[in-house]
Structures are given as structure tokens and as C-alpha cells.
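For reference, chains read A, B, C, D and E in written order, and residue numbers begin at 1 within each chain.
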Amino acid sequence: MMKELSQRLLGPVTFALLALTIWLGLWVTPPDKVQGNLVRLLYVHPAVAWVALYVSFGTATIASCLYLWKRTRSWDMDRIAHCAMEVSVVFIILTLITGSIWGRPTWGVWWAWDARLTSTAILGVLALGYLALRRANDDPTLRAKRSAVFAIVSAINVPIIHFSVQWWKTLHQGATVFTSNRQLLVHGSMAWTLLISFVGFTLLFFWLLRARYRLEVERDAAYRAAFDEAVSLRQREGVL
Amino acid sequence: MTPSPVVHLRGAVALSSGFPLLSGVDLDLEAASLNVITGANGAGKTSLLRLLAGLLALSSGEAEVCGVDLTNGDLRQLRRRVGWLGHEGSFYADLTVRENLRFCALALGRPTDEIDAVLARVGLSSRVDTITKKLSAGQRRRLGLAWLLLRRAELWLLDEPYASLDDQGRTFFDALLADVINAGATVVLSAHDPLRATTLRPRTIGLVGGRVREVAP
Amino acid sequence: MIRIAWLVAKKDLRIEARSRVLLWQVVPFGAMALLLTGLALGPAHAGNSSAGPGLFYLVMLFVALLMINRSQVLESTPGTRASIATLGLDPAGVFLGKTLALCVELWVTGLVLLAGTVLVLHTALHGAFLALPSVLVTLGALAAAGTLYGAMTAGGEGAATLLPVLCLPAFAPLLIAGERAFSAALTHGGLWEWWVIVVVALVAYVGVGILLYGVLEES
Amino acid sequence: MIRIAWLVAKKDLRIEARSRVLLWQVVPFGAMALLLTGLALGPAHAGNSSAGPGLFYLVMLFVALLMINRSQVLESTPGTRASIATLGLDPAGVFLGKTLALCVELWVTGLVLLAGTVLVLHTALHGAFLALPSVLVTLGALAAAGTLYGAMTAGGEGAATLLPVLCLPAFAPLLIAGERAFSAALTHGGLWEWWVIVVVALVAYVGVGILLYGVLEES
Amino acid sequence: MTPSPVVHLRGAVALSSGFPLLSGVDLDLEAASLNVITGANGAGKTSLLRLLAGLLALSSGEAEVCGVDLTNGDLRQLRRRVGWLGHEGSFYADLTVRENLRFCALALGRPTDEIDAVLARVGLSSRVDTITKKLSAGQRRRLGLAWLLLRRAELWLLDEPYASLDDQGRTFFDALLADVINAGATVVLSAHDPLRATTLRPRTIGLVGGRVREVAP
């Protein structure tokens, strides 16, 4: 009952929250002293990056672990890992795009040799590599196992990205949102908008994941039908 | 209670990029028996052998080989008990004949001093230090036999073992088969010709379209 | 496990020694690549000794890709795969053995290229000497990671080109850490943070390999 | 000759299209290599836009090596070599065809990487546009030279590692000329000398290939 | 003057990294004849066939095949006149069956509309669009036969053509051989079994240690 309700509500709530973010971000919150109206990207970029790194890549990694662990092994886990990774690619690309858009006016360039930027791009290529690896193997079990290992090994990059700003001390913004002195940096309506954007984009991820997962389930059903047909065709081979 | 069969398949299906190599195989094989798989080209003989060796994944159905369940058993345990001789030359092409056998013997924890005797038995004494990739087709097949001799597997899976062996090689192989079965191993081989040795009483498994059509006797 | 590792490493190194690919092909390739990379950047950049560590690791990276590919090709002819699989070797041992063999090969190449860096790119000899331990550890981590990724792509479609795609991003942090450690050695700066990273990477990759190599091989 | 060239090129491109290796593996590899090369040099060097052309060609070189290797691997499985040899195809046609296919693949990758250079290395868009023709010609020459050297190493011991050793020195002049032509386009400097070099190289390699490819193939 | 033989070898020696694969072969083969090379494993059958196809270099001795001198003649001319079927699968593993045959037909300037008929003859109609590397061993051999049919060579060199063909395939192959020889082509094949078709009257060439030991009849 609860489950069904939340299923039903996921879409509307997601879009309501995103609409709220847009409204708050564009009309309600004030422009920044230093950055002016550019600060409004604060309600998009960090949230998108958060989803890309932690929510989606994290989901893919956890699902991969659960697949590899014998007691929780199931095709669902493999499927979730695959779908989450695909969505992750989308969010990583969005992070790069929104970051670049922000970078152009603030740093004067679209791209800089900054540790966080580079490591984010690397994560993107890893996610693409994951998809390429899946394509390269057609035995489902082997594919599931290999890509799960790859996802787990790739996840090492996530903390590297997070700490890169501290380790390398370069251009990109240091931790602002998730620090103890957060109150000093963002406050009032900005903090609320930020929070809503995080929740909104996180829900967006789950909404996309669910849509992608359903597609995969449909494909599986089609696959099963094709399987039966192929088997009966094969059985008739040479008998005619 | 009868002893459980070495191979037990029910409705076994195996796919390769969507095509069913095996389309529902039902098969039981007893221990210490000789089994010959026959069938037209493309019927699925090689695929069946690969499935039994744990080299091909099972897509649906049940399969148990040497007591190991193919769906969620320990395939490595199974593979250790299986001797495989494929179409293609096996082993490391850049090692010499002796080095290849040494590697296998050490990997299995067997003594290495049998190697020369085994090579003499399969008639490769004159090629001990030849690089494997330089061997002729039949010599490569003989190296495979030498390896099986060292191996002493429980279940022997041989894909067209007679192909490219010369007459003397075939006679030797027939003798080997008889020995092996007497020693209690199970042999499954694929072949296009009827077996030459009449003293062996093989069971013939006829495949058609990825399924067992008939079993005789 | 150790016995199998030793067996596999010896086998790989013997094949390598027999074909002399390392001596006649990989090392010259590395030297050539070092020269070319220097050239591609123009004299202004390359003569500048600060580029030395970066170029060294860049070239080592490509050399490593070549060698990882070779190390997997040895295993992946259709017949070989099947017969070796039926030996049921301990996967952790196989992983360690292949890593060890790859590591030795990378070390040999690395030493030659390090000399090349000193000679051609005017990297300080003393600094290169100081950097040696970090180079060896980094190359070890590269070998472990490479073996892992090599097994991941083995036998699949277009393994030879998939390998670099998977490896490059994974190697990037190693590359950076190694380069920084090297640079730090040249300037006598603080080494230890980079050391920590490469050592952690080495341990992590070896650990993951020992645990999961078997998963990659089984179907 | 033209008919055979066309046939061979279509065959190679069809295999390429089927395996999607270019799309999923080579292009990401190139992009990654570009990033990494930038990284290896450290922000100070790479951010500097003058390094763009050099890095671009360096990466194209490695991509070309991968693809030349692939193009030869297609021909060199033991059975294939023998049966295709007994077709007695016109070697000039085979050479042209393989060059053409390789060239198309290099062009596709080159265009993507050129875009990457503009985005990531701050190379001026306008300059990159001006440099495009010279890039295409240089890549064509690379393809011709690569096909020639590929045939030279085919079937031998450790072809995959021998190829780079032979290719790198031969490609070096091309690389330099291409890089200079690209740099000149960026600074609106005198282009034509470097143009002459790459065009001459293209013509020379294609000419040599047409004349001598047959010699390389026959035993 | 008698018509010059299709194959004429005198003291032909061929080396592979110092080892003499052939150690002085003397052989003359007439046009429109069927010749079967026999010999133990490693005797040099495959090597002899490769020499005749111009795929193995002659180290010393004289050799003339189809009127082309192997030492300094135009090997490409020779290869164009030879149909080769090797142990290993041939062709491009990543193309489909039909694409492979199209490639060959176009390369030889033959019409491509025969292809489907030829595939039906060798029994590969149901695998026209399968990628070649997925074929079974026997199907690959059949594809080789299909190619030879398109090829219409003067000299056919077949290395163990019966291996891995099923019964029906062998019968078809025997019929094909008879056709080909009637059409005036010369066939040289290696085999370990005596030929099945008794209507064909083959000449048997026995190799031992890289040399011709006996020719019968």
C-alpha cells in the first residue's frame, strides 16, 4: 500500500520539487555579492554533481557489490547496476556541462587543468568504459560479474574526486555545502533552495532509474519470448 | 539406491549471442562408460562437450556434472576433474612440448618425472624440445593426449579425438580408451566415424538440432 | 597460491625471454616514444627538466598497455583458454603470478627509460635516484591493475582496444601520484603523501585482484 | 586496382562498423589519452594553448598505432592469410583499400579529438578550423605509412609490439610537420612549407605502397 | 612430347627456422588427376601442400607448379590458379557467411548471383547470415568448399578435407571431387583414411620424413 503510493507519487513529487527549485532559484533568492546572478547555478551544479557521484554511481556500486556477494546475487542487482550506471553517465555529462557554463564567466575558460574537473571527466570515461565492457561480453553471467568488479574498482575514483580539492588546492570551489561552517557561507532562502534542489535532483535520479529499469524489464520479457522462439526453431533444425 | 550418474541434464539450454547451441538436452551418463556423441555438422556436439566441461554457461534447465551443479556450483571444482581435448591445439604456443607438460604437471601437483615416459608413449620423443606452435596438426593432438595421460581426470571430454591422428595414433588412442574406462573414468567423445575398436561397447548419443534425438543401445 | 603464482610467473617470463620482445621491441619503443613525446612538445617544453617525470610516466603507461595486452594474448588463444581452464588453477595464484611477471618486465623497461629521461630530458641524476623506489612501487601497482583489467577484457569483442579504454582512466590517479612523487624527489619536496597514495593503490589492487580475479575468469 | 581497393576498403569498414570498436573504444581511448597527456604535463604546460597541436598529434599517433594493428590482425589469422593469399588480389589495390579504410577511421577519430583539443586544451576554434585540411592530409599520410609498415610486420613474431618500433621513427617527421602546420594555422603564420612536407609524404607513401606492397606480402 | 606435368618437383627442400619440413621431394603430377598424400603425423603433408600453393618458400631444389617456377616465377600468378583449403577455418571471422563469399566472388570478378546456389549445395542455407566465427568446425569446412566451388581453380590443394565433415558432407565432397577432375582440374589432398569413393582412382603419395617414400599405383 505504502509502496504503491510512493511509486505513484514519485513522478509528481519530483517535478514539483524541481519546479520549486527553479522558481526559488530564479525569482526568490537574491543575487550574490561577488557572483551576481551566476550564483543561481549553485542550485543546479552541486546537486547534479552530488547525484552523479554519490547517488547514481553509488547505487551502481552497491548493486554491484550485492550482485557479487553470493547470498544476495540476483539478476535484479545486475540490472539495477546497469541502469544506474547509464543514468550516471547522463548526470556526469550534466555536471561537466553545468560546470563548464559556470566556469566560463568565473574562471574565464570552459575547461581548466583542475584536479576535480579532470577526475570528474575520468569518472565519466570510466562509466562509459563500464557500458563498453558490458557490450563486449555476451555471456550474461560473465558480463554481470566482470562489470560488477569494474564498477567497484572504479568507485575508488569517487573519494578521489571529493578530496581532490583539498589535496591539490586548485581552482575549483572547496567544500562549501557540506562543512560545519555552512551557516556562514549560505543562509536563509539560499540554504532552503539548495536543500530542495538536492532532494529534487535525487528524486529525479530515482525517477529516471525506475523508467530505465522498467524498460529493461520489458526488454527482458521480449528477450524471453525471443528465447522460446529461438529454441523451438533450433529444435526443428535438421528434423524437416 | 543406484549410484548417481556422472552427467545428469534435464532440458539444458545454452545460448551464444541469442542462438540456442543446445535446445533442451536430456541426458544421463553412468560412471565408467564410453559415450560417443554423433550428429550432423552443427548439431551441437562441441557445444554439449563444452557445457559438460563448464566452459559454456547454462541458460535454462538443470545440469549436474560430477556432482557439481552447473548453475550455482563451484565450476572450478568441476573443471579440475575434467580432461578436455578440443578441436584446436591447446597449450601455450610459445613453450616447448616438454615445458608445456611440465607446467601442467606442476600446476596439478603431479611428479614431473613421468613426462618423458608419457611423451614416448604418444610418440613425441623426437619433438620434446620443439616449440608447440611448430608442431603438425596430428602432433598437437598427440600432445593433447599426453596431457590427458598426465591429467588422470574423472570425466574425459574429447572433441573429435580421431581427427588428424594417423593410423598408429588411432590404435594407440583406442588402447588408451580401454585402459581409462577400466580404471573407472567416464569418457564422452564426439565422432563422425564409427569407432574402430570393436571391443569397446560405446553408447551412441545422436544429436539433432541441439537436442538428443536417440540413444543407443 | 604462492606455488601457482611462482609457476605462472616463471612461465610468462620464460615465454617473454624466448621471444625477446622486451629486449628488441618494447624497450626501443619506449625510448623512441620518449624522444617523440619530447619532440611533440617542442624544445621549449621538453628541454625544461620539470617535464621529465610526466613524460616518463606517460611513456611507461603506453608501454604498460602494450605489455598487458601481450600478457593476456598469451592466455587467450581459443584452445589454450579451454585447456588451462580445466586445470582449475587457483585464481589468486594466477593473478599474483601474472602480476609478478608483468611487474618484472615493467621494472626492466622502467629502469632503461629512467636512464633515458636523465640523458635526454636533463632530469637530475640524483633526483632520479631518489625517485627510484617510488617508481618501482608505482609500476608494481600498474602491473596489478593491468592484470586485473586484462582479465576483465580477455576473450571479449575487440579486447585489444577495450583494454586501453578501461585502463587509462584507472591508471590516471596512479600516473598523477607517481609523477608528483617523482617531481617531489627532484625538488627534495615532501614525498610522503604521494608515497601513501601509490602504496595504498598497490595494496588495494593486489587485494582486489586476489579476492576477485576468480570472478573475472569464471563464466 | 581501384575495384579491388574499393572492395577491400568496404570490407574493412564493414568489419569495423559491425564491431563498433571505433565508436566505443578508439574514440574514448583518444579522448582519455588527450586528458591524461594534458595531466601528465601538469596544468602549467597543458593549459598553455601552444601545446595543443603537439598533444593532438601525439595522441593521434597512439590511436593510429592501435588501429593499424587492428587492421593487420584482421588479415593475419592463420587460415585467413592462406586463403586470401590464394585469391591473388592485386597488391596495389589491397594497399589502397586498406589505406582508405584506415584513413576514414583516422579521420573520424581525428575530428572528434580536434573538437576535444578545442574544448579541453583551449586551442582556438578558428585556428583548428584553418588547420583542418593539413590535419586530414597528415592523417592520410599516417594511414598510408601505417598500412605499409603493418604489412611489413604482419605474421612475424610479436607483430603487435614490433609494429610500434618500426612506425614511430617513420612517423616522427610526419608528426613534426603536422604539428608545425597546425601551429602555423593557429598563429596565422606561413603554412605552406609544412604543407609541402605532408603532401609530399602522403604522395611518397602512397606511391611506395602501390609499387612495393606486393613485395611485402609475398613470401 | 608429353604434356608438361602440373607439378614438377626435384629435390625440393623447404625450411622453417632451420628445420627441414621437406627434405628433398621428387614428384610429378599430371593434369586432371586425383592425388592423395599420406604419411604419419609430422611427415610433411601439410608442408608439401603449402609449398605447392606458393605459401612456403623453397630453400633448394627445383619446383614448377602450373608452369610457374617457384624460385623466381610470379608467385601471385600461381596463387590465382590454386584453390586452397587448410586445416584452420579461413576467411574473415567477423564477416557473415554470405559477405565472405561475396568478397571472394567480387575479388575474382565472378558474378555474385551464384552465391546462394553454392551455399545451398554445401548445405549452409540456414547459416547465410551467421558470423563466420560462430560456425561449427564442419560448417566452416563447408564454407571452404563453397568457396572452392566459386573459385574454379586449376589446382586444388586440400589439407585433410574429410576431417570434421559429417557423412552427408563427405558424400557431397566425393561427388564434387569427381566433377572437378572430369572438368580437367588437378586435385592434391592429404588424408589419413583411405578414400571412400571407390570410383575415383587416386594416386597415393606416401611421405616419410619430409620425402616421398612411395607412389602408387
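A few comments on the model shown:
In this section, a contact is a pair of C-beta atoms (placed from the backbone, for glycine too) under 8 Å apart; a residue touches a chain by one contact, two chains touch by 3 or more.
Since the structure is predicted, the reported quantities are computational estimates derived from the model, not experimental observations.
The minimum number of touch steps separating subunit A from subunit E is 2.
Shared contact partners of subunit A and subunit B comprise C.
Farthest from subunit A in terms of Cα centroid separation is E. Farthest chain from subunit D (centres taken as the mean of C-alpha atoms): B. Subunit E has its Cα centroid 30 Å from the Cα centroid of subunit B.
Work out the mean CA point of subunit B and of subunit D, and you get 46 Å between them. Subunit A and subunit D, compared by their mean Cα positions, are separated by 36 Å.
A straight line joining the Cα centres of subunit A and subunit C is 31 Å long.
For subunit C, the set of residues touching two or more other chains reads 19, 157-158, 162, 165, 168-169, 172, 218-219. For subunit E, residues touching at least two other chains, in rising order: 87.
Residue positions of subunit A with contacts to 2 or more other chains are 118, 122, 125, 128-129, 132, 135, 139, 141-142, 237. Screening every pair of chains for touch gives A-B, A-C, A-D, B-C, B-E, C-D, D-E.
Within the complex, the subunit A residues that touch subunit D are 109-114, 118, 121-122, 125, 128-129, 131-132, 135, 170.
Of all residues in subunit C, those touching subunit A in their complex are 148, 152-153, 156-159, 162, 165-166, 168-170, 172-173, 193, 204, 208, 212, 215-216, 218-219. Those residues of subunit E that touch subunit D in the complex are listed here as 50, 53-57, 75-77, 79-80, 82-95, 99, 103-104, 106-108, 144, 147, 153. Per the touch definition, subunit C reaches subunit B in the complex via residues 3-4, 7, 11, 14-15, 18-19, 74, 77-80, 82-89, 91, 214, 218-219. In the complex of the two chains, the subunit E residues touching subunit B come out as 16-17, 19, 39-42, 45-46, 87, 123, 127, 134-139, 141-142, 160, 163-169, 192-193.
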